[in-house]
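Each of the next two complexes has subunit A plus one other chain: subunit B in the first, subunit C in the second.
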Partner chain A sequence: MYTFGRKWRKLAPYGFLLPALLIYLLFAFGPSMFTIVYSFTDISGVSGVGWHWIGLDNYQELFHSARTPVYVASAKRTVVFSLSVTLLQTAIGLLLAIVINSKLRGHLFYRSLVFMPVVLGVTVFGLIWTLMFNPMDGPMQKLWGLFGSSSTFLGSYTMAFPIVIFVQIWGAMGYTTVIFLAGLQTIPGELYEAGYMDGARSWSSFIHITWPMLAPTVTVNVLLAIIGSLQTFDIVFVLTGGHFNTSILGYEVYRSAFGGNAGNLRQGFASSVAVLQFGIVLVAAVIAQFYLRRREVQI
Partner chain B sequence: MLSCSMALVFTACGSASPEAGSSAAPSAAATASAEKPITLKLATWEQPSNLAALTKINEKFHEKYPNITIKFDTSKPDAAYQTLLQTRLNANDADIVTDFAINAKKDWHKGSAVPSLQQYIDAGLIEDLTGQDFLKNYDAAALKDSMTYKDKVWGVNLGKVTYSGVFYNKDLFEKNGLQVPKTWNEMLAVAQKLQISGVAPFTMAGKDVWPLNMVAGGFLQAIEPDVEGLDKKLWAGEVKFTDPLFTEVLTKYQQMLNYTEKDFMGVDYASVVGRFASGKAAMLPDGIWNASAIEKANPDMKFGYFPMPASDKPENNQTFFGKYDMSLLVAAKSPNKEAAIKYLAFISQPEMYSEFINTAGLLATQPNVTFTNAFLQEMAPAVSGMQLSMENIWQAPQGSGDYGGSTAPVQFLKPAGLESPQEIVQKMQQEWEVEMKNAK
Partner chain C sequence: MKAHLVPRPLGYLIMLLMVAMYLYPLLYLFNVSLKPDTEFALDPVGWVRHIQFANYAAAWQQGSFGTYIWNSLLYTAAAVAGSVLISAMAAFPVSRGYVRWSGLVYIFFMMGIFLPNNMIPQWNLIHALGLYNTRTGFILVNMGVGLGFMLMTGYMKSIPRELDEAASMDGCTYSRFVLTLMLPLIKPVLATSAILQAIGVWNNIIGANIYFSDQRLFPVVMGLYKFYGQFGNQWTLLAAALVIVASPLIVLYLFLQRYIIEGAMTGAVKS
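The block that comes next holds the complex of A and B.
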């Protein structure tokens, strides 16, 4: 019996939730709402400068200025980026998880190896890949040379974006793999045994047992990948500085808020770009959730 | 208890009551500055020669004022530094800060963004230094052009730099019997001879893009020296980007790019000095500040620096263009203002300044400096007549695109990018017209 009686029992859970909820409201939800509010002002990044309500002027600029084609291209590229990264990252993560899960020799070592990029952080592995893709006698250029061609890699208007996608997947597949590993381990071994008795071998056991049982894990990974990739900016910043057709919306938000050119202290305008990004993320996440949840229920 | 901690939160955010904090500070600082240990934060960017020069000064300063220590607060010298400066000033977490020049926007720049330093001054974050004694040590022109705004002086400019020049390998030139070119045709002839002899004529740091734009600015000014007039006419619509001037700039720049080493678009700024210093390329169009980096990379190398002769007229190719580089300013809300101003006075003394400028490798903004560095001493007469470059005068309108926001968006030009001069100037003009329509 609880010492404090019935009422306390009912309210206690909320009491325990309260600190976490407050922190979330104050440091996550609150600022996000403020971003939407700021997008209707001309607030600058400099404290002490007055700011004013300017209504939809920021959005007007976003959609009708000389820079609009850049934002539109950036938004399109963000969608392409997110789709490619999500699909490839999920597939590769699943493959790696199955391989590691098969208890081959050294599987614990491979698990740490796969997760290493996540531990290193974007800046470190971004710089490593910049060195790898150095067109002046870097390893990748030597490889390209074996096939008789050469490239400026991260300085090329055609190659830079695929490279950014590649490095993003390389950097984040550790997360996906580890989550899939956890999911794989929840699948009861008896199912595989039963399947084996019924004649299922590797491919059909994957299709009929592993894949359906992993549905919730797939949901988690796909959602994380979509939302994460739609918000990415750091990998672009480190690899190309936003040049050579690699700028995605996350980078454009950074550029408007802190870009460093004279007068790029326009947090109000940057907020409107961030709201645009939020809109895209919201739509994508809702669609993905709806489809994935339905699939889970079916299974 | 709760209200105390709330008050703490508000003062930490720096927004609520600036008056209360600053009135208490000066008297306390004045009496205690003699004994109390003070740490001054010096925010600046990571340019190795600047940091080396400042470190020397800091040591000497500490000897004179043992209770004051200087601590660096640094970041990479690009957009990252602007972010650092913004956050420090806004958090009242700065004592001495570095920036370029104020370059306040002109009256005809309707609707264009206000330069960040001008914004900080208008917001009261920078200390007014008008009337301080040490200002007299500097060239009046330098102070006026770089640090004067609304008839007050806000900082001291420690040096200027030029970036419309070309480093050249003297040995390779001699080997091929080449002279320093004085016109554009001579430049092309030199480049061709070098290419035939098997060495890449030019190298550039294409990956970071800004070095390309920086050099292109020099092209424009050699061909059209009256940049302030050009700026006014652009804004008034009397000059268009589709006029022959810009096509000439882009065409000539493209000719230079065609003589630039293969895959230069993948070379970043940190590596480009190595390409030149190791003899892989004979010429490097760059800012004069890299002279010390070249010397460090290859101490035996004999190199010189000449203005990029982009014009067909030799008389237009004799001037260097550049800007005021590192300036020191004092944060108005710093609790150690007196100490910070002492530091500025210290570094402005002629002997200290000479030492600083010789290590930093900048061009002097004080008169009568002797250079111990042979290269700088050799260059001193030629660069003393340096003029302010285009980027300090011209301003892009708000909401400008990648084409209409620059007077020479050469990163899109073949072979760096995928477009021809004609395509680029068309896009520049189209964007400019949209920007002018939106400018208010």
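The block that comes next holds the complex of A and C.
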């Protein structure tokens, strides 16, 4: 019930909603929709150059042209990136959260430390890792040396992409861990005590109590990780600039739209890549949502 | 007696590994930032022997951080203040159902997380408005309504409605209620949203790349690229520059970590 007056006074809440709605419509939602419109044009992004409707030409180039293998490779890489990030981040994040939640000495310090990269941001922690992976006798090179091996790391076609995945997980782990911690703290301690009475020890109490009770938190974390990792590309921008087989779709969008000199900017085409990326996000989110919710219901 | 999911010794072992993986890179960063170039070239990994702060002075100079830091502070403060204020103003009526179709409005705002990448039309819009290469333009595109709005809506639901009723009985108007009573009550979530937003704006390297060509308007992250890329890497200066860029965030984090972490936790559970 609204109690702040009648008639025109009832409009006050709408007035308060308006600024956020306008900013969102103008700078976020509207442009998102226009990306789809742009994908049917040959807009270049160079001022003063005209543009035309070109129907599905961009999509034809994407799916059926000599360049197709490049984009398919990039799309595959995006899926590999997203799957590895989602699985590892969720699994390791859960493990860390469980350990931190068991109130070891210094648990608040551990929590703060693992969350630190989230605060530093991707540019800073990305560059810290380029320092770590400095091929000229950097720390990771020394570590590799212990195993009698060496690598050019971010300058290597085989190593660069796994490193990008690793650094992405390292950086975002804190968020997953903290969300799991929040979920763990909602599980009543009595459940574990009752379980203990019934003979449940660590593994079985995890399987029968923690895992089912945590189902909604798992859903949140997995969805956030899937959607986030399918869209992000800052990490690629910072670590490799898309070289050495590390380009994922988000980065392709950036590269075609803004990455070159004025002569080869292709914002219309870049938009069609963005739409393809959106399609993948949508399919992944729907599938994940379906399985995760079904699991929640079964439990 | 409570059963531990992970036996204590194993727990400590896992934490030891985690601490090594998260602390070492930071320590290494400080270490390199204090090394003279010659020492770094001979021994990039060992502890610094001749501590000196010359790298900081040089990085500050070459990275133009004297200018960039102020730019970043301005962009971050303005974008965060703007987006926190408009998000809070919008979150209240939505959380209370004081506007029609509140549920739909909420979903509409949240859809932003899924929708296609919007940076290309957004960039053209800024151009069309004549805001390319301007502070205003960069601030506007950084004023997102998303995560903060979601956290606030969740938090406001936990504040009893009776408060609205009591205040309105006493003749308090809607706007006064929101601005003078509600905002102070949701301080923790305002702090959390502000910090999470600030981290994003401070680190927005892609945005800075596409919205500025005028070097005088660059934010601080752009300064990092003077030491990295094109002409080979100046590692010791890069390390010092990274410490410079990260330190405001680290200071903020040391003082406000409770807000940041617990805010992120409650937000996740409530939504």
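What we mean here is this: the second predicted complex is superposed on the first by the 262 of 299 C-alpha atoms of A that agree within 3 Å, B and C clash if a C-alpha of one lies under 4 Å from a C-alpha of the other, contacts with A are read in each partner's own complex, and residues count from 1 in each chain.
To be clear about the criterion, a contact is a pair of C-beta atoms (placed from the backbone, for glycine too) under 8 Å apart; a residue touches a chain by one contact, two chains touch by 3 or more.
Computed from a predicted model, the values in this text were never measured in an experiment.
Enquirer: Could you tell me if A:Ile287 is touching subunit B, subunit C, both of them or neither one (first, second, both, neither)?
Expert: neither
Enquirer: Using the superposition on chain A described above, determine whether A:Gln277 touches subunit B (first), subunit C (second), both, or neither.
Expert: Only subunit C; A:Gln277 stays clear of subunit B.
Enquirer: Of the two partner chains, subunit B (first) and subunit C (second), which one does A:Phe29 touch, if any: first, second, both, or neither?
Expert: Second partner only.
Enquirer: Which partner, subunit B or subunit C, is in contact with more residues of subunit A?
Expert: Touching more residues of subunit A than the other partner does is C.
Enquirer: With both complexes overlaid on chain A, does A:Tyr192 touch subunit B (first), subunit C (second), both or neither?
Expert: The second partner, subunit C, only.
Enquirer: Quick one: classify A:Val220 as touching subunit B (first), subunit C (second), both or neither.
Expert: Touch status of A:Val220: second partner only.
Enquirer: After superposition on the shared chain, which partner residues are touched by A:Phe258: those of subunit B (first), subunit C (second), both, or neither?
Expert: Both subunit B and subunit C are touched by A:Phe258.
Enquirer: In the superposed arrangement, does A:Asn134 touch subunit B (first), subunit C (second), both or neither?
Expert: both
Enquirer: In the superposed arrangement, which partner chain does A:Gly45 touch: subunit B (first), subunit C (second), both, or neither?
Expert: both
Enquirer: Overlap of the subunit B and subunit C footprints on subunit A, residue-wise?
Expert: Dual-contact residues (subunit A): 45, 47, 130, 134, 136, 241, 258.
Enquirer: Would you pull the subunit A residues touching subunit B in the complex into a rising list?
Expert: 44-49, 61, 64-70, 130, 133-136, 141, 150-157, 240-241, 243, 258-266
Enquirer: Flag every residue of subunit B that touches subunit A in the complex, lowest number first.
Expert: Residues of subunit B touching subunit A: 14-15, 18, 78-83, 86, 89-90, 103, 112-116, 119-120, 122-125, 206-209, 262-268, 271, 275, 395-405, 411, 417-418, 430-432, 434-435, 438.
Enquirer: Taking the complex as given, what residues does subunit A use to touch subunit C?
Expert: 1-5, 9, 12-14, 16-17, 19-21, 23-24, 26-38, 43, 45, 47, 95-96, 98-100, 102, 104, 106, 110-125, 127-132, 134, 136-139, 142, 170, 175, 178-179, 181-183, 185-186, 189, 192-193, 195-196, 200-202, 205-206, 210, 217, 220, 227, 231, 233-234, 237-238, 241, 250, 253-254, 257-258, 267, 270-271, 274-275, 277-278, 281-282, 285
Enquirer: Would you mind writing out the residues of subunit C in touch with subunit A in their complex?
Expert: Going through subunit C, the ones touching subunit A are 1-8, 11-12, 14-15, 18-19, 21-26, 28-29, 32, 43-45, 83, 86-87, 89-90, 92-94, 96, 98-99, 105, 108-109, 111-125, 127, 140-141, 143-146, 149, 164-165, 168-169, 172-175, 177-178, 199-200, 202-203, 205-206, 209-210, 221, 224, 228-229, 233, 235, 238-239, 242, 245-246, 249-250, 252-253, 257, 260-261, 264-266, 268-269, 271.
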